[in-house]
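Naming follows writing order (A, B, C and D), and every chain is counted from residue 1.
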Amino acid sequence: MREPRPFTAYRLKDLLSDIAEHVRPAFGKGKVADYIPELAKVDASKFGMAVATLDGAEVAVGDADEPFSLQSITKLFALELALNRGGDEIWTRVGKEPSGTPFNHLAILEAERGAPRNPFVNAGALTVTDYLMARVPDVSTLVLEYIRTCAGGITGGLDETVAASEMATAYQNRAIANILRVHNNLTHAPDAVVDAYCRQCAIAATVRDLARAALPLAMDGFSIHSGETVLAQRNVRRVNAVMMTCGMYDSTGSFAYRVGLPAKSGVGGGIVAIAPGQGAIAVWSPELDRAGNSLVGTIALEIFAQNTRWSIL
Amino acid sequence: MREPRPFTAYRLKDLLSDIAEHVRPAFGKGKVADYIPELAKVDASKFGMAVATLDGAEVAVGDADEPFSLQSITKLFALELALNRGGDEIWTRVGKEPSGTPFNHLAILEAERGAPRNPFVNAGALTVTDYLMARVPDVSTLVLEYIRTCAGGITGGLDETVAASEMATAYQNRAIANILRVHNNLTHAPDAVVDAYCRQCAIAATVRDLARAALPLAMDGFSIHSGETVLAQRNVRRVNAVMMTCGMYDSTGSFAYRVGLPAKSGVGGGIVAIAPGQGAIAVWSPELDRAGNSLVGTIALEIFAQNTRWSIL
Amino acid sequence: MREPRPFTAYRLKDLLSDIAEHVRPAFGKGKVADYIPELAKVDASKFGMAVATLDGAEVAVGDADEPFSLQSITKLFALELALNRGGDEIWTRVGKEPSGTPFNHLAILEAERGAPRNPFVNAGALTVTDYLMARVPDVSTLVLEYIRTCAGGITGGLDETVAASEMATAYQNRAIANILRVHNNLTHAPDAVVDAYCRQCAIAATVRDLARAALPLAMDGFSIHSGETVLAQRNVRRVNAVMMTCGMYDSTGSFAYRVGLPAKSGVGGGIVAIAPGQGAIAVWSPELDRAGNSLVGTIALEIFAQNTRWSIL
Amino acid sequence: MREPRPFTAYRLKDLLSDIAEHVRPAFGKGKVADYIPELAKVDASKFGMAVATLDGAEVAVGDADEPFSLQSITKLFALELALNRGGDEIWTRVGKEPSGTPFNHLAILEAERGAPRNPFVNAGALTVTDYLMARVPDVSTLVLEYIRTCAGGITGGLDETVAASEMATAYQNRAIANILRVHNNLTHAPDAVVDAYCRQCAIAATVRDLARAALPLAMDGFSIHSGETVLAQRNVRRVNAVMMTCGMYDSTGSFAYRVGLPAKSGVGGGIVAIAPGQGAIAVWSPELDRAGNSLVGTIALEIFAQNTRWSIL
């Protein structure tokens, strides 16, 4: 019977180096996100990958110490915070089903009367932000501090230039927020929610930071870096479930097919994946495929899952 | 760290008995499928559950020896057969993404020009049937024999009365098949494909049969009952991925949240779930929830996953 | 104040000749319908136009004595017959609003639970056919005889070759009919309704026949050719209203903008337009624009309306 | 043959009085618009009707001297101004087809990539406002002055309280404006366009004002009140065409069926209808039917059209 392979830090390091070599021919086949002007300036040739394991080991390769814009990956931490703050209450306002449409589609939101399909479509993430705004004065700081706690300190921080660039061009999100407001699924002014959300998305971190920050999702919610349980075990399983069925935009099914791990991506080119009971993997490469996921990052995770047998399927 | 619990057959049997007790209050809260007249006649109080494990053990409780109509669960075996026969070729005609809409929605099929989102929506299943029709004269016999092989013999068989009842009322499927034909995604006459599909859906089996037939999906494709590999390992992971992201109609996300196992359900009230490296679980209870999944069956699997820690998330 | 110009038959004849000259450069810019194989064989260079006026005069130009396939234009006469037979009853099953989508769109039909938007989209026309099937054994004969009565005899008839060609390829209409049946908006078997509808569409007539057959719609329902009232005055206004708002597929607004007359087109390249209190105009030219209306026919009617000042807007 | 009846002012006055009597039982069956708080305060029992004819006569009944909020009726005058200012240029940004969906539906706007179906859906009206903003500093003043010119002076004016109330609750329009901006179909900031549009909608006038202001649309564009041509004849026909096919939200077909005149309604309870070559009719009654049109106003126009035979169909 196929079993996950026992991987020492030393062998993982070799694997990451091999991966960095193997993905090289794929550069140039994707497209850096350009709808946020500031993101379009990123060097397309960047590649970093890091793995944090349950024994506290951490291996990394490439541009693993350079912060990049987390973007939609912050939705993952915002969801954890909403569950920490209010338990199942958030599910009265947001569903947990895949949307079956590209990540910013309005039709389904209108058809379902302002009830977002899940917390990882933009409509759902704006609702989560609105939910947190009722509890803290500054959502982006809350999310940043939570990432810092989970990871035991991070290199990155909030990138004000990216935040400003996003706010200036957030027409699609402003449309969504206004639809949510029409259906009374926002308690704050749409513009305020969009601004808070843009700031949250503008958090930057390295793949090392990200792998460490996500590690509790592979460990029943315990953070070895902060020495505390940051998320209840039942919520860990649920967050992983949402990632597994909704985490990769309209390529969630293909990603499960190729990689077989719960994961969340962002248009900054980052992906974080969870191998329950094994570890957390973060990868960064700015070029995106047509679904909006890191093209090289997905290939890297596919090779990683094949070699480690950490796939859960 | 949370680990799957080692379960002897003896303790599993106790767990199934406990579950049969616990689900009792939920009877009467769902609704037996009535759009196929013959299915509406089923006794709503039926409940059977069976688990087949890697060591060949098998435990069962309740109406575990009574055949029921597999319906959409046959889509799982038809997909395995399509992969066995043609490898990745089927993916040129069917996607692998969740549909985000109820299981028989036409709009998305029209919008995506006859390309079904995945093999488990009816449009996709009809396409798989059409694909198999080009290879064998009788798809329902092929599927039935494959189930028999995987399970090492089954109690059930093709229920001609159910098949006739379905064919007589298959207006929705005939609409779908004609749309597929408009977009040249069927090679046979729409009516012939619908008839073949209705016969395939009318295969009946017990939960014992079903758990054994699905066990190879928990064992890298090896059937301990037939002594052979019935599905290549890479295809096992892929079938599990499609189940994980598309297997439970428009409750796939909720099911992952509550149970955390790849699974496929049918409107006959059956669900089969896979715990990779552990075993296969089949449950049958005819009352359905609003998404069309067995209401009591889902609760039973939720309790099962909590107690065994076989959830993969 | 602009008034309709008094037109003698002599001057109308000159106008039609001028029009035939003016439209010449537009040939070759459209596309003959090819989804019905038999229709694709039509000579694209055909052009005929006829006007029937209240005083019984009739002028024509070009291929005015050659029958062509009326196709969707028969929906007009079928609607008249449904109103004649059951008054307002048909409106309990079909709406009277423009559909806002191409003429064979399924999504809106599904969203509105099998209630067709109007009698001129295919779903509505199939419902009208089904409605007439409950009253007569052979709908196509009924429609043909009604056209003959209104026109005082016609040159054309039912083209069995076209009918057979349509039935063989009517996948889209079979899809629609099955959706209607799912929502209990058909009382006959979907296939029988589609076959009856295909036969109805295969009626052929000349532009002379067509202008005469439609003349009662310009004369409060009186047919000068049969000497009887064929449609009650209130229904005349209502049929004209449906033509005005729904008669030209998804170019109904543009046609009102350019021509300003109630009209109905068919994919055979025919258009019939009504100038209440003045006359009826029929034109035929097989090449279609992107909306499925005769490209040259529309231009011809535009010139006609400008010169006669018969536009009602 | 049915002909429009010659109506002296004296007989029209009697007809209006009869209508005011006849519509009485219909009060209480509709619902005053409540989505704009300030509009919800209107006295539901108000009823006024006025007719302006080509000879300069004007008759009125009921609350004909009380200004009411024109709302979407201003879209008519804004369209006239856009045509006056830029000719056909506006049609490169807005279509002329009926939308087939309720008046503020977003799905179709998204599906058609930010191209509004016509100038009378909110998306189209916002685009027209944006178009005028590029030409004048204050669109609402431009529209108000145009109405004043056409009518030869009006009683009403811009209601700042209503304008403020609309701006405060314009979430749906802000969503639409942001979608338009995403697709580069707005040249100004979405919020600025929405604010300008809300001010335009807040123009108030009496039914007398409104009938006079619309009279040029029945007279080839000539205003007898200002003594000048306010709209080119070809644009008159085109504006009437857009009213005929798109003027009454999702009841445009039913309205053509019942009344048979080009018309435009507003959620303030006003409707203005054009009888080309005869006159203009304005009616006001705040209770709306389910499509958002004045319920009593529609009945009044139906009786009016039947008695005058001014219907154009």
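As a working rule, a residue touches a chain if its C-beta (ideal position, glycine included) is under 8 Å from a C-beta of that chain, and two chains touch if they have at least 3 such contacts.
Source: prediction; values computed, not measured.
Farthest chain from subunit C, going by mean C-alpha coordinates, please.
Of all the other chains, the one whose centre lies farthest from subunit C is A.
Call it same or different for subunit A and subunit D: same when shared residue numbers make up over half of all numbers used at their interface.
Homomeric contact, same residues on both sides for the most part.
Go ahead and note the Å separation of the Cα centroids belonging to subunit A and subunit B.
Chain centres of subunit A and subunit B, defined by C-alpha means, are spaced 31 Å apart.
Distance from the CA centroid of subunit A to that of subunit D, rounded to the nearest Å?
49
From the C-alpha centre of subunit B to that of subunit D, how far is it in Å?
Computed value for the inter-centroid distance: 56 Å.
Subunit C: which residues touch two or more other chains?
If we look for residues of subunit C contacting two or more partner chains, we find none.
Taking the top-of-page definition of touch, could you list the pairs of chains it picks out?
A-B, A-D, B-C, C-D
Can you check the complex and tell me which residues of subunit C touch subunit B?
On the subunit C side, the touching residues are 105-107, 110-111, 171-172, 174-176, 178-179, 181-182, 190.
Give the list of subunit D residues in touch with subunit C in this complex.
1-3, 54, 95-101, 108, 117-118, 219-220, 233, 237-238, 240-242, 244-246, 250-254, 256-257, 260, 262, 276-277, 311-313
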